[in-house]
Every structure is written in structure tokens, then in C-alpha cells.
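For reference, the structures are reproduced in the following blocks.
Note that chain A is present in both complexes that follow, paired respectively with chain B and with chain C.
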Partner chain A sequence: MEAVVVDAGTKLLKAGFAVPDQPPSMLRRFPSVSSEMDAAVVDAGSKLLKFNHASSEIGPEVIPTQMKRVPEDESLTDASLLENVTVDPVVRGFIRDWDAMEDLLRHVLYTGLGWEIGNEGHILFTDPLSTPKAVREQLVQIMFEKFNISGFYASEQAVLSLYAVGRISGCTVDIGHGKMDIASVIEGAVQHISSRRFEIGGLDLTNLFAQELRKSNPHVNLTISDVEKLKERYACCAEDDAAYEKIQQACSEEQHILPDGQVIKIGRERYTVGEALFKPSILRLEAHGIVEQLVRCISTVSSENHRQLLENTVLCGGTASMTGFEDRFQKEATLSSSAIRPCLVKPPEYMPDNLANYSAWVGGAILAKVVFPQNQHVTKADYDETGPSIVHKKCF
Partner chain B sequence: MSWQTYVDDHLMCDIDGQPGLRLSAAAILGHDGVVWAQSSTFPQFNAAEINGILTDFNEPGHLAPTGLFLGGTKYMVIQGEPGAVIRGKKGSGGVTIKKTGQALVFGLYEEPVTPGQCNMIVERLADYLIDQGM
Partner chain C sequence: MEIDDADNSDKNSGSAPDSKSKSKRKLYVGSQDLGFRRDHMEVLSPLKDGIVVDWDMVENIWDHALRKCLLIDPKEHPMLLAEPCSNTQQQREKTAEIMFEKYQVPALFLAKNAVLTSFASGRATSLVVDCGGGSTTVAPVHDGYVLQKAVATSPIGGEFLTDCLLKSLEQKGISIKPRYAFKRKEIRAGEFQIMDLDFPNTTESYKLYSQRVIVGDIKECVCRAPDTPYDETSYSNIPMTPYELPDGQTIEIGADRFKIPDVLFNPSLVQTIPGMESFAEMTSSARGLPQMVIDSINKCDVDIRRELFSSILLSGGTASMQQLKERLEKDLLEESPQAARVKVLASGNATERRFSVWIGGSILASLGSFQQMWFSKSEFEEHGASYIQRKCP
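Coming up: the complex of A and B.
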């Protein structure tokens, strides 16, 4: 049986069997702008969580990790007794709510991917940068003790994203929903001193978008999930600084009709969202733009590696697939203060499109094909002998 | 148990029961750089290198910009455990160093030994020494 690769992000969980040149098999596309009642929910059976599948499409689908708590007893007809509590197992990239995570994984592995109890296989997880040791240990513990898997491996998302594009050295700019990581990797090992994690991500951009839209459309009632959908559809990056200034002066407006019938006008706000990554002052942060941050991080590495790192830059993460982001990044890179221009890597042709959204997962699938057959992973016997701390010794 | 026995039987042992598969070199040094025991293959090192290693244990991140030197060989510093374990990588081989109360346990490996296996061996012995108060 193929190993399973799981990439649990703040917003979307990507899971599937390790078949690298296909997208993850468990990616369920979230239904279009939904009200609270239709949000995806996970069913665990023994706990109070239920899962409503969104409409499944052919091809890749992603499960949102945000879950909703619903009483198990279906006989409750009084709707007001239902708690509309959303549960976020993964916060800012790190797993925080372990019970919820366990339930989510139970669904993913047994229902979604078809594992049978008693016949669990190998699993590979991805970690964001600077994952605390305790989080990794807890994950290993849950996998071996609650799920009884036969083999475990964990690897950092930065390294995996590079494997997905066929490199072992380079830098990754991973802009996810809850966090942004800039990491430099040399020969498969992350250089922690020159890697940085920022606590801003798609979530903050969504909040910014909501704020801007509320300012220009004061009479429209928007929920965050509405804004999230709008952001994915409309947000884009201006071509460069000058173009952005022009857009701020005058921009064509588009009308969008929300599912509940309200009409909303979207104009320059869509460019503001894209600009925020290059000018964090828009988000009220005292920081340099993303290209400058990248150059600064790389400058802490010994100079013989600079060329190798900057010329192999990979953009990944959901937010990086914003329209116009890549072009703007390239343009800013040519203007940057470093002697060597950051240069983006083109993914190989056999990889699916939209690789940026789940490059860590694809890299995991590639790594799984190497690690598990060569028995470099943590086996049940190893875990029983040494305990959860074995993950630090064997997985890196 | 002499220190040499620790090196020969516990560090330079066969890995996973496979004859011939073992670390390429190993040693146990005191914090002052004095050799307590070493394998015959352990490289000649100098005081500056040991000082660099000790400083890195006290100030994690010290060796990362310049690299870890041992016996004249340069290793690229990879993720270790600040204050406890230093790991270095050179091509497909590398080194793991774990600090105990009074000693430093070194393990050097080459292909086909994996970094994970080297870590297990070095850290297992070092943890044992820590438990014994050394």
C-alpha cells in the first residue's frame, strides 16, 4: 500500500496517497460563499462533530480544516439549540486543538482515504518552519497510539516544496493562510538562522479586504467567509508601484452579487490586498516588503551560497497563487538591493498546474517514495523503545 | 567499563544487526577537549575546533554562519537541539555531537549510514551517560 502524505494547513488540509505527479486525492473544493449553516463539519462518531461533504468535483479537492461542533443527537429539531461554534484545529500553521485534529484525521484516513482499522500504513506529515518540539512529539504520539500506524515521518514544508520543483537547494517563500515563511534550504537541510516566519498570511489579507470593503460599501453586511471567497476571486497585484498609485486614483469597479442577494462594488480594494504583501505598512506593520525580507534573510548565509539560493526561489502557498503576484514578485526582484536577483523556479512539466497551492504535499509524496522503502522512517518498534522524542532524532 | 569499551562496543557497533554497517568514527571527549576514548579512525582535531563546538552549545547559532570544523573538514550546520545536540552535514555524510554533563560524544557517519541512525547511536549513549551523572 502506498504511504499517505498529509499537509495540514491553517485553512486547507491536503491529503492523499504518495503519487507525486498527481494532485492530492483529498482536496474537496469548498462550496461557493456559504452561510454559517453550510460550513464544512467533521464527523467523528464518538465525539460531537459531524462532517458535511461539500459538492465533490472530479479531480483535486481540499478539505477546509475549520470545523463546526454539532450535537450528535439528530432528533433535536429545535434549530436554536445547535451551537454554531467553529473549531480551528490548526492555528497559524501549528496544530493547537488536538482533539479536533484527531477527529479530522480519523475522517481523512478512514473515511476519505479508505484505510481499515488494523491495517494502517505509513504516513508522512509536513511541518511548518520553527515547529515547537512539543507539537511534533504530540503528533507522533497520537499517530502511534491512537491510530496505530506502522511508520511515521515528518519533514519541513520548505524542503518539500523544493523537492516538488526538482531542487534540493534554494529558498522558499511560503505564503499560507495563517503564516508566511521565508526559508533557505541547502542540500535538503533548512538553514534556520536565515529563515524567518511571519505571523501574517491570507487570514490577515482577508481581514484587510473586509475592512476596505466595509468602508466603501457601508450598507452591505459581510461575513468573513463571504470575504474569503471574494478575496480568492478578485484579489490581484498591480504591475508595479506606479501602476498601483494610478489605480488608487481611479479604478474600474465591478459589481458582485452575494448569495443572499446583496450587491457589492469592488474596485481598488482588490489591488490593496495584493499590495499589502509588498508594502506591509498597509497592514500597519513596520516591516519591509516581501522581496526585501527575502534578500535580507539570504544575506545572513555565507556568500558562497547566495547565488544558489536566490536563483532557485520558489513561491508556494495559497496566497502566492494570487493573480499577478508572481509577475510583481519578479519585477520587485529586479529592483531589489541585492547584487544577485532572486529568480523564480519553473516547476517541471509533468507536475500538475497550480502546484503552488500544494507543493509541500507533492514534495511529501516524492519524499515518501524514498524514505519509507529505505526504512529511514520511525517504526512502531522505534517508538516503543524510545518514545515521542525519537521524532527529533530520525526525522529531519 | 573503560571509556574505550564505550566507543568500541556502543558507538562503533553494528547498526541494526547488519555486519559492516557502522559509524565511520566516534569519540568521547571531555569538555576541555581531552580525549577520553576515540576510535582509530577519528580525525585529528585542534583546540580551536573544540572551542567552537563548546561555544555553539553555550550560544546556539554560533557555528552556523561559518560552519562546523572537525579535523580540518568543514560540515554544514543543520538543525540540532540548542544547547544539547549539534548536527553537521557534509555531502551524504556528517557528524552528530551530543553534550552530557562532563563529556562530548561524537559520531561521524558516511553513506550508507543515515543521519537518523547516527543520531540514535550517539544520543542513546549520551542519554545513558547523562542518566549515570556523567
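Coming up: the complex of A and C.
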């Protein structure tokens, strides 16, 4: 049976099986009889759960991670008594609510991917930067004890995103829903000294967008999920600083009809959202813009490796697929001194579009095909012998 | 698990800047926070001459390291701290108090820097030459114990060399613009212009700090230890090396490449650098590196001198300067007694040299035979902080 790859993010959980090459856009599970154990890849974000076989061509299956807690007692018929509590198992990139995570994984693995109890396979998880050791150990424990899997592996999202574009060294700028990571990787090892993690992400941009829209459309009633959809559709980045200033003065407005019939005008707010990444002062944060942070991170690494890192800069994460973001990023990058000038990498042609959204998952799929057949993963026997701390020795 | 608290020099830019507002201050710790310019923000260090003067700042640094960077709860982990060889009894007791009472660690151990470096290279007896940022220390270690009477320190360290280079460049008319003070604008396609930004509320200490960061990078890239002692005439025709500053300006560095590192070997050179005269009295009493090594070995027993000569370990950030090891070996061969076989060892990797104290601590804390040597919480409660003298020699 194939192994599963899971990428748990703050918004999306991406999961899937690893299968031999398939044409893109076929999201299906295969109860394959092949003798090689392919991995299933699960990428748990905080918004969407993406899963599928670990095949680089297939994108993962995607489901939202935000869950609703339903009371056990099915006798309730009155809708108003139904508890409408949203539960976020993954907060700012880290798994916080373990029970919710367990339920989510149960759904993903048994219902979504078709695992049978008693016949579980291998699983590969992705970790964000600076995951505390305790979180990793907890995850291993749950997988082996509650789910009874036969093999486990964990890897850092930064390294996997690079594998997805065919590199082993480079810099990843991962802008997710709950957090933003800037990591430099040399030959497959994350250089923690020069990696930074910021607790801003798509979530904060959504809040900003909501705030701005409420200011300009005071009579419209907006829910956060509406704003989320509007952000995905309309948010974009100005070409550069000067263009942004011009837009602040005068901007064309668009009308959008919400599902409940209200009409909303969206004008310069769309550009504010994009600008916030380059000028965090808009979000009232005391930090430099993203390109400046990247440059500073790279300058802490010794200069022999600068070239390697700069020429292989990868943007990934849902927020990075904003219209105009890449161009603006490249433009700002040319403004930095020529010694340290980041250069974005083009993903290979055989990769599906929108790779940025789940490049960590795809990298996981690629890695799963290498690790599990070669038995470099943590097996049940290893776990029984050493306990959860085995994950630090075998997976890095 | 252990934390390396290098009490005498901030290893990971631990100097805490603070912004004063009406005698209540907010402390920012860490290079990420330091990198952002704020009004009225001063850059301070909790240490003065290797002694901790501000324990509040030290606690903040530990908080940041444990809770924000490592994301752990100190209650669950025994703590191994590295301390300088010249640490006072009072400081150790205060450290123990803070660790047990504030962080509630289950067990603690204080180990000397030199001993840990020795373990990192797998030796129980060696002479450790630690060229750090704040100072340089030469300490002989015998069977895992530091011979206190033979320890020699000198205030010349990496930071001092950075200051020398900064003053030297200023004298030549090159002004180092800190990163926050300029902005690049694209006027036409492919052409850039530097615009100066003015922030009147930036403190002097922050400006100096930003300049030091840039000059420190110049020093690490460009400076090399010269093969022979520096003198003006022979090095005046050296080809210049170009270096590009963050604002795009390219500067050429010639004789300074060799002059600055030679200050380690010959501190009186400082007087020839214009702008550094205020340090003249400090450096006149300081000795050069080879001299410190010889003096230190001579203060030890005759029996172990031979072993010390043949295992001289280099550690510290400044020790990863190119050609330093070869120059030190050469100088020592000249000045040491004939019968001694001089061997200077340094790990090849620059990162390992910089963090050899931490690596040694990591090795020590994972040894099975070390586990009974911890100073546990119950012992602290029973005997008090002064018991640490006995438990951690």
C-alpha cells in the first residue's frame, strides 16, 4: 500500500498518497496492489487540508481544516441549539489542539484516503520552522499509538519546498496563513542561525482587509469567511512604492455582489493588503519588509554560500500566489546592493500550476518516494524500542 | 539539555537594546529585534569587563532564548551553563538562585569555557586560547580542571578589532552608512540613486552598533593575519581588495587587512591608528597573544608544560580568522624553549571554532557518567546557593 504525505498548515491540510506518475488533475485514491509502499502525503495547513498520493504530478486533495464541533447527542433537532464552535487544530503553524487534530486525521486517512484499520501504511509529515521538540514527539506518539501506522517520517517544510523545484540549497520564503518563514537551506540542512519566523500571515492580511472594507463600506455586513474569499479574489500588489502612492490618491473601484445580495465597493484596499507584506508598518508591526528581512537573513550566512542561496530563492505558501506579488518581490530585490540580490527560481515545467500553494506537499511526495523504500524512516520496532525521541535521531 | 551562557561575550547578538521611557524601560532582545531601528533605542550590554552588572537584562536574554527561540519550558530540562574562567563566587551564586527560583530548573551545572572546549576536541589536558568578541583568554586545562593561577586575559577581542577598523576607515574618509540611513531608488531602468534618510531620534549607541555590524562583516571577509609582524613600509604596496558596502559604495582596503589582525599579536600597534589614542593606556599593559601563551605555560608545573605545548587549542569567533593558526604557531616556535614541540590545533570548520564551547557542553551533558554530577534542586534547597562551589569546581 502506498504511504501518505501530510502537510499540516494553519489553514489547509494537504494530504495524499504517493503513486507512480499520473497525469495532473486526477485526484483519486488508488488501492494499488503494487509491492512498493508508496507514501501518502498529508499537508495540514490551518485553512485547507491537502492530501493525495505522493506523486509529483498530481496535486493533492484539499479540504478545509477548520472544523465545527458538533454535540455527540444526535437527538438535538433544534438548529439554534447546535453548537457552532469553530475549532482550529493548527494555530500559527503549530499543532495545538491534539484531539481535534486526531479527529481530522482520522477523517483524512480512513475516509478520505481509504485506509483500513489494521492495514495502515507509512506516513510522512511536514514541520514548519522551529517546531519545538515536544510537538514532534507528540505527533510521533499519536501516529504510532492511536493510528498504529507502520512507518513515520518528518521533514521541514523549507527543505521540501526546495525539493519541489528541484534544488537542495536555496532560500525559501514561505508565506502561509498563520505564519511566515524565511529559511536558508544548504545541501538539505536548514541553517537555523539565519532563519526567521514571523507570526504574520494570510490571517492578519484578512483582518486588515476586513478593517479597510468596513471603513469604506460602513453599511455592509461582512463575515470573516466572506472577506477571506474576497481577499483571494481581489488582493494584489502595486508595482512599486511610487505606484502605490499614486493608487492611494486615486484608484478605480470595482463592485462586487456578495452571496447574500449586498453590494460592496472595493478600491484601493486591495493594494493595501499586498503592500502590507512589504511595509509591515501598515499592520502596525515593528519590522522590515519581506525583502529586507530576506537580505538580512542571507547576510548572516558566510559569504561563500551567498551565491547559492540567492540564486535559488523560492516563494511558496498561499499568500505568495497573490497577483503581482512575485513581480513586486523581484523589483524590490533589485534595489538591494548587487552583492546580495535575491533571484527567484522558476519551477520546472512538469510541475502543476499553482505549485506555490502546496510546494511543501509536493516536496514531501518526492521525498517519500526516496525515504520509505530505503527504510530510512522510523519503524514501529524503532519506536517501541526507543520511544518518541527516536524522531529526532532519524528524521532531520 | 544545556544552554551556553557565555557570560563574557554575547554570542548570538544577545546585547539587549532598550528604549527608555520615564525610568520604566522595555527591553528588546535578539538580532531580529535589534535590526529594526526605533526612536530613542539604546544598545546596552549587561556585562562590564566580564562581570554581570545588570541581572535584569540577563534574565531577559535567558527568557528570550528559552521561551522564544527554543520554545521549551525550563522546568523540564536540566541546565548546563558555561561560565568564564574568572567567574566570581558571587556571580555563580546569583546564577544558581535565578535558575532555581525563577526558572525552576530541575538540575544545574556550571562548567568553565576552557574545560568545555577541551572536551569538544576530546582532550582532558590542553591549553585553550579563546579569542572571543569581548576579550581573549588563555587557560590551561589539566585533567578536566582549569589551573586558575595560570589563566591570562586580555581586553583585546573581536569587538576591539572591529573598532580599530572602523576608526581606520573613517580616517581615510570612508563613511560607513548604517543600513537604516539610506534607501535606493530606481530613477530610470537600471540606474539607481541612493537617498539619505534622516532619523533625528536615533541614539548614538544604535548608530555605532549598526556601523559595527557592517564593519564586522568587512573584517570577517577581508582581514587576514599577516605572516610576519606588520610594519608600515613593507605593507605599503599591498594590492587593494575591493568590498561593496550595503549602500552600493565600493571601498578598497589595502594595508589595513593585515594591520588590524596584527593588533592581536602586537597591541602597541593600536597607537599608530589615529582615533584610537584613548585606548593607549589599556593596550600598553596588554601583551600579545604568543606572549600570553608563554607566560601562562610558564606559570604551570614543569611536568605538564610539554603536554600543554603540544596541545594548544584555538576557539572563539576571532580564531577563525585566516592564517591565525599558522602565524601563532610560527611565533610560538620562535619563543618557546628548544625541547618543546609546539602544536596549535583548531577545527577546520569556522562554525565549530566559534561554538566549540557549546559543542563541548553538549558532549558533556550527554555523557552517562556525568549524570550524577548535576547540582539538583533538592540539594539547592537543602544547602543553599553557596553549595555550588563544591558541586561545580
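By our rule, the second predicted complex is superposed on the first by the 347 of 396 C-alpha atoms of A that agree within 3 Å, B and C clash if a C-alpha of one lies under 4 Å from a C-alpha of the other, contacts with A are read in each partner's own complex, and residues count from 1 in each chain.
Going forward, contacts are C-beta pairs under 8 Å (C-beta built on N, C-alpha and C of every residue); 3 or more make two chains touch, one makes a residue touch a chain.
Please read these numbers as outputs of a predicted model, since none were measured by experiment.
Taken together in the superposed arrangement on chain A, chain B and chain C clash.
In the superposition on chain A, contact of A:Leu335 is made with chain C only, not with chain B.
In the overlay built on the shared chain, the residue A:Ile186 is in contact with chain B alone; chain C does not reach it.
In the superposition on chain A, A:Lys394 makes contact with chain B only, while chain C stays out of contact range. In the superposition on chain A, contact is made by A:Ser302 with both chain B and chain C. Note: residues 133, 193, 300, 302 of chain A belong to the chain B contact set and to the chain C contact set alike, using the contact criterion stated above.
Residues of chain C touching chain A in their complex: 12, 31-32, 35-36, 38, 69-72, 184-186, 192, 217, 221, 244-248, 350. Of all residues in chain B, only 61, 64-67, 76, 78-79, 81, 87, 89, 91, 114-116, 119-120, 123-124 touch chain A in the complex they form. Contacts from chain A toward chain C in the complex involve residues 130, 132-134, 193, 196, 240, 286-288, 296, 299-300, 302-303, 334-339. On the chain A side of its complex with chain B, the touching residues are 133, 186-187, 189-193, 300-302, 374, 376, 386, 390, 392-396.
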